[in-house]
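Two complexes come next, and they have one chain in common, subunit A, joined by subunit B in the first and subunit C in the second.
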Partner chain A sequence: MLTYALRRLMMLPIVLFALSLMIFALQMSLSPTQRLAAYAPSPDYLKGGQESIRRMIEQYGLNDPFYIQYGRWIGGVLTGNLGWSETARQPVSTALMSLFPATVELVVLAFIPCLLIAIFLGSRAGIHLNRWPDHLIRIFTILGWSFPVYVFGLLMLLVFYSALDWFPPGRLSQWAQTTVSSGDFVRYTGANTVDALLNGNLAIFWDSLRHLAAPVITLTYVNVASMTRVMRTSMLETLRQDYVRTARAKGLPRRVVELKHARRNALLPVATIAGMELAVMMGGVVITETIFDYAGLGQFAAKTAANLDFPAVLGFGLYFAVVLVLMNLIVDLIYPLLDPRVKTQ
Partner chain B sequence: MKLALALAVGMGLAVAAAPAMAETKNPGTFVFMWTDDIQSFDPAYIANTPSSYGALNIYSRLLNFNGSKISEFVPSLSTEVPSLENGLIKQGDDGSVSYTFPIRKGVFAHKVGVKGADGKVSWEYYDKLTDAQKATIEPGYGQITPEDVRYSLLRAILQGQSWMSNAITEVITAGKYTDIAKWVETEGKVKTFAEASPETLRKVYDQLSEQIVVDGDNVTLKLPKSFPATLGVIALPFGTSILDKEWVASVGGWDGSGDTWKAHYRPELGANPLFAEENGTGPFMLEEWDRTDRRITLKRFDNYFQGPAKLERVVMRTVPEWTTRRLQLLSGDADFVTAPVEFIDELSKTDGVKVIDGLQKVFSRGIFFAWPLDDNDNPAIGSGKLDGQGIPPDFFADIDVRKGFNYAQNYDALINQVLLGKTVQSRGPTVRGIMGYRADSPVYSYDPAKAEEHFRKAFGGKLWDTGFTFTAYVTEGYPQLTAALSALQMGLSRINPKFKMQIQALPWASVSDKLNNREKPAAPLTVMGWGPDYSDPGGPLGAASYYLSPTGLVGGMVGQGYRDLMAEKFKPLLDEAWASSDPAVREPIYAKLQEMSYDYATTQFLWEDFGYVVTRSNIDGYVDNMILYGAWDFYPVTKANN
Partner chain C sequence: MKALRYLARNPVSLLGVVILLAFVLVAVFAPMLAPPQSFQLSPYDTPRAGFLATPMPPSRDALFGTTQGQYDIFYGVVWGTRTAFKIGLGVVAISVLIGTVVGAVAAYYGGLAEEILMRIVDVFMAVPFLIAAMVLTALLGKGIWPITIALTTFGWMSYARIVRSEILRIREMDYIHAARSYGASDLRLIVLHILPNAMFPVLVLATMATGSMVLSASALSFLGVGTEEGYADWGQFIAYSRNWIVGQPGNPFQFWYTLAFPGAAVFLFVLSWNLVGDALRDMLDPRHSH
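Entry: the complex of A and B
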């Protein structure tokens, strides 16, 4: 198992190198003036005239050949410097590290209920095939699937913020932000809920939860649909297996057959899709973060791409590749726990 | 049971909803939600309007604009506004001009240097010092002196980073050099700044420092000749913001020496020590800049030399999504939001919301003709010939083509339908409020008959028969500019169905690429907008120069043909106007230039931009100054408690 994991992890540098080359090549297909947009994001910046443009291109080495620019960048990466993000106004690595806890906080809080609900609903739907629980769950998932996230998100805002003032956007209220920014509040992790608990400040904890509620509900609902459908299908397939029939014939209680024998095996495809969904969510949930004014990796990634902020695009690309590889690895490692046959293979 | 539950839920909802409507949220704190961002807090680094919010509120300048007046100034760190009458502007026999600024005494920065028992100076917040501690402030450490003023101006010039700081270079050299690099390259006879020797750098520094001198309590700028926009540049919230020399040096910035300035020339944004730190003398201090959360918190400086601001704090948050900003405004979590124009009528009718509408801007929009065009694999010009399938590279060199295009635009429809009648048609480079603007100067109007007349004359009559096809460009995300191109497209096709103009919206980077840093422009027609950076129409950053100088901003982008026309017809008049400091002499010349821009159809001038401000109704005190592009000076702003 360990050898397998190490072998997979050794692939990581190759993946990252190939990815960085691809993104860099893409970047170099643009002219130096186009790439200057990262440093001169609006026409305002051209008021210095053509001379100023020439000087800026020179200053940032945008006219240098591919290998020099790539060498400069990779040299920085090897010393832990991913470059400067004009979009975030800070080093790329600092931006990624400071946004990461916010995204993790949001994603974890959304993903856990999402997974549990999907497993529960998918199992119920499979067990009660073509009966009213199945119909209800199907309607629920179809709605979730067909609801565009921005529509659902806006609906959440309108109801729970505008009408009820329960779940405001952003990460903290102004009073809470002032407290958190003061020297008395220690930032341990960057995740507000965790830091509030570690500081013993329940008011901040509660305020943070209020701000997380709407994006978490949105993400959960939108993502639970696909996982529920996979779980349902997988459950149906498993329930038709011979060993399930045998278990029933042996006289085992229905509940034991369904939940212990069938559901465990039905989890395999769910584990795969859940792993992928988690990885994608860790890459940032652009629309949710934008609608709820939640400063996370998704907004950052979208903005850097729009601004042609290539150091940040490259940095984010590397981060996302690492997340994907790690998530795949984790899913692979979970398989044997769910199905011992995988281990022997 | 069910009924009781429903009642409980209903009451809960009512209770939860009530606080949002009942009371002022965040009293004393002005929550400002915009879509922009500040690039840096170093006033010498920045150049665009959003970034000016930092310098405007954190630093002080020698002079301020007088409220919303763009050509009137009031004292700030200078106790007087120089003028010929008070003798602070002097004209030499050799044509040189000097401006003297008497520097206010007793002004302290947000942080001051306090000498400890160990003899070391530590920087402490002035607001937190007791009277006893104030007695231990090291002289000059945080106390603004004439030397600090001189240092600040030198630093902005020598940093050479932004065109707004470079404007000070142009003031000091009376327009001879556009930036310090040009000065060094000329002086050292080298191609690039990097090649200049230490001796050259020192020589340039010495020349420069002889032109900005401290004389007792005064600082004097010595200009080789008249530069009429001098005070307008001095009052702008950019490189002319005053820093404390000792503090800048203490945080790793330039120490003021003529031998070390090269190391601080064009610094990398993040490596600049003043990027996220400040020590200004303005009404607010930078309390926090959370770049992850895109939030800037400014805290009131209680010892501001003009008295403390009314607001305790200003929180500036970047919130890109309009619906989110809107809901936060309505709930009172935001006190100001940037809003799309199509919502301002609705917002003005909303309880608790105030809209200040119809604010004038110096910014004008236009469609820019370019010639000669890049004919090397340029899809925008089709076949590259006058055969109906494209246009020749010199298409817009023909004045009848340009005039035909200008008569084919439906300006009234644009202003009334697209811009909701909130502004006026632009009459040329200079807009209302700028010298040379006359309300009765000629403008084009939609006139298909006249357009046809000119198109029939163009290219010896051939154009009318062959027609044309080309692509016009607009930057993505500007529906009003796209509408301007659509109106023109429609006008052209109605005049002659063979006139085909395609419209392509591109990201700014791609539009810029088609116009900049190339021998010939690739975009035949581009809709854009520019505004001057000071109220004077002349000088390198003035409205007339931007549009009509062969070395101006527009000229740099739209091709040699345009530049040649400007050099031949417009430059002599621009020079003549700039040489005089008498408004009575200058005004008719700029008015003439305005008319000439009509006669030569240099650009299709569309409309003057307009501004509006959307706040909660308990917010007062906003002062709109159009040369500051509506930037918020938070000092006079108040937030009443409901």
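Entry: the complex of A and C
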């Protein structure tokens, strides 16, 4: 098991290397002048005219061969320097670190209801195969798959912000932002809800929940469908197994057989998918955060991609790959705890 | 025949087929439904009635109303159907082709070639799809082709995985051993005996993916890297609605039409492909039939 986990972890540098090479190659398709924007400390260099631009290109070595520039970048990454983001007007690593807690907060809050709803609906559908709960759940999941995130998000804005004024966009109201930025409020984690509780400030806790509600509902709705589907299939397979028939034959109540005997084992494939899903959600917040003007990694990634802010794009790509590989690894490691049969192999 | 009987028993799947056919009809008869004006350079340039910033509600001149900048929403939705079919089918067709070749080569040669190809698949899988597609589209410029290329570049991997595992599974079946003992060459085995049977799961995946690729394409337009200003593309029209959807104080639903019509178009289009894909899976996968 441990060797397997180690081998999995060894894949990470290879994936990261190939990924960075790929994005770097995309970046190199821009002219040196275009790439200069990422390095220039301020747009003033443009005022100096052609001569100044040429000097800057020289200074940053933007005309050097691909492998030299790539080597320079990798050298920076290894020392923790991901470069400068023109969009954020700060170093990429600083930007990523400061936005990370916001996205984790959002994703975790959406992931928990997502998982619970999927387990509930999926096992219902499996138990009542081809009867009305199954049909209803099937329609619900297909609708969820087909509903564009941005349309759903805009509808949420229309109803819950514009019409009802319950869930405003952004991360905090103006007054709360002022309090949080002041010296009295200690930023322990960077996640507003957690920090508010730790500071004992319930008003800010409530305010940040109001801002989180709409993006959390949106993320939950668009992600719950696929997990429900997996749970349903898994429940169906489990219910067909011999030990379930035995349990039924010896006269155990239906509920006990279905919920205690079958559902527990049906959860196994869901655990695998859940890890993947969490990782995908960590990268899939792009549209949700953009719609609700929620300052997190997703909104940052969307802005930087549209601006071709390559140091930031590279940084986000590396972040996403690490999350993906680590989530898979965690699932692999906790799997034997869920299913003791795996350990004996 | 089997398909018709299935549809008769599954009204929801039938609904999917009907919606899809309706979209096909709209796409085919677009020039009659929303005739382009003679001065338009391309029928995909949505005509505009002036340059006023505020959207206008549905009227006799503009059935679905107009967006900011007075683009005609009805015209955009009708011609956007062609855009959606072009992008969806284009991306999926090219992706299936690439994925099938990669998967087949990996399964056929095995060894080092397989290892390298499947690791390339892994790397592409670790890429954040939407962000990568955004970057590539932004690099290539605006329009349908950049979108298609970008979505294909980062969307072919699952076909390669399925084709490879299907080939590995089918290769060990008796009828393949029989064909081999008759002296059929490896290439003949793959192309004539194995691939046709491996194509069913690919077909299901491709049907579902057509809808989701149209979703991603309009997401690109929504995020501002998709098609040119005024191009008949649903995502673009939804993006126009973004600044207006909150309405005005006291009248939150004032600009409902800017989101409702293009939003419904994307939703129904994707829904119909998903329903058809779901029905296909039920029909082709014996484990799901009952």
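Here, the second predicted complex is superposed on the first by the 307 of 345 C-alpha atoms of A that agree within 3 Å, B and C clash if a C-alpha of one lies under 4 Å from a C-alpha of the other, contacts with A are read in each partner's own complex, and residues count from 1 in each chain.
The working rule: contacts are C-beta pairs under 8 Å (C-beta built on N, C-alpha and C of every residue); 3 or more make two chains touch, one makes a residue touch a chain.
Everything quoted here is computed from the prediction, not taken from an experiment.
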Taking the superposition as given, does A:P32 touch the first partner, subunit B, the second, subunit C, both, or neither?
-> first
Name the contact category of A:L19: first (subunit B only), second (subunit C only), both, or neither.
-> second
When the two structures are overlaid on chain A, which partner does A:D184 contact: first (subunit B), second (subunit C), both, or neither?
-> neither
What is the contact status of A:L308 with respect to subunit B (first) and subunit C (second): first, second, both, or neither?
-> both
Given the touch rule stated above, what does A:I142 touch, subunit B (first), subunit C (second), both, or neither?
-> second
Now for A:S162: first (subunit B), second (subunit C), both, or neither, which partner does it touch?
-> both
Could you figure out whether subunit B or subunit C reaches more residues of subunit A?
-> B
Contacts of A:D242 with subunit B and subunit C, given as first, second, both or neither = neither
Which partner does A:L154 contact after superposing on A: first (subunit B), second (subunit C), both, neither?
-> both
Can you pull the subunit A residues that subunit B and subunit C both touch?
-> 30, 154, 157-158, 161-163, 290-291, 306, 308
What part of subunit C is in contact with subunit A in the complex they form?
-> 12, 119-120, 122-123, 125-132, 134-136, 138-139, 211-212, 215, 218-219, 222-225, 238, 241-242, 245-247, 252-253, 256, 259, 263, 266-267, 270-271, 274-275, 278, 290
In the complex, go through subunit B and note every residue touching subunit A.
-> 13, 16-17, 19-20, 25-26, 29, 31, 37, 39-40, 47-49, 162-163, 166, 178-179, 181-182, 192, 266, 268-270, 275-276, 287-288, 290-295, 297, 313, 315, 317, 319-321, 323-324, 327-328, 330-331, 333, 475, 507-510, 512-513, 516-518, 528-530, 533, 541, 546, 551-553, 556-557
Report the residues of subunit A in contact with subunit C in the complex, numbered from low to high.
-> 11, 14-15, 18-19, 22-23, 26, 29-30, 129-130, 135, 138-139, 142-143, 145-151, 154-155, 157-158, 161-163, 283-284, 286-287, 290-291, 301-302, 305-308, 313, 316-317, 320-321, 324-325
Subunit B touches which residues of subunit A in the complex?
-> 30-37, 40-55, 57-59, 84, 86, 88-91, 95, 98-99, 102, 154, 157-158, 161-166, 168-171, 173-175, 177-178, 181, 290-293, 295, 299, 303, 306, 308
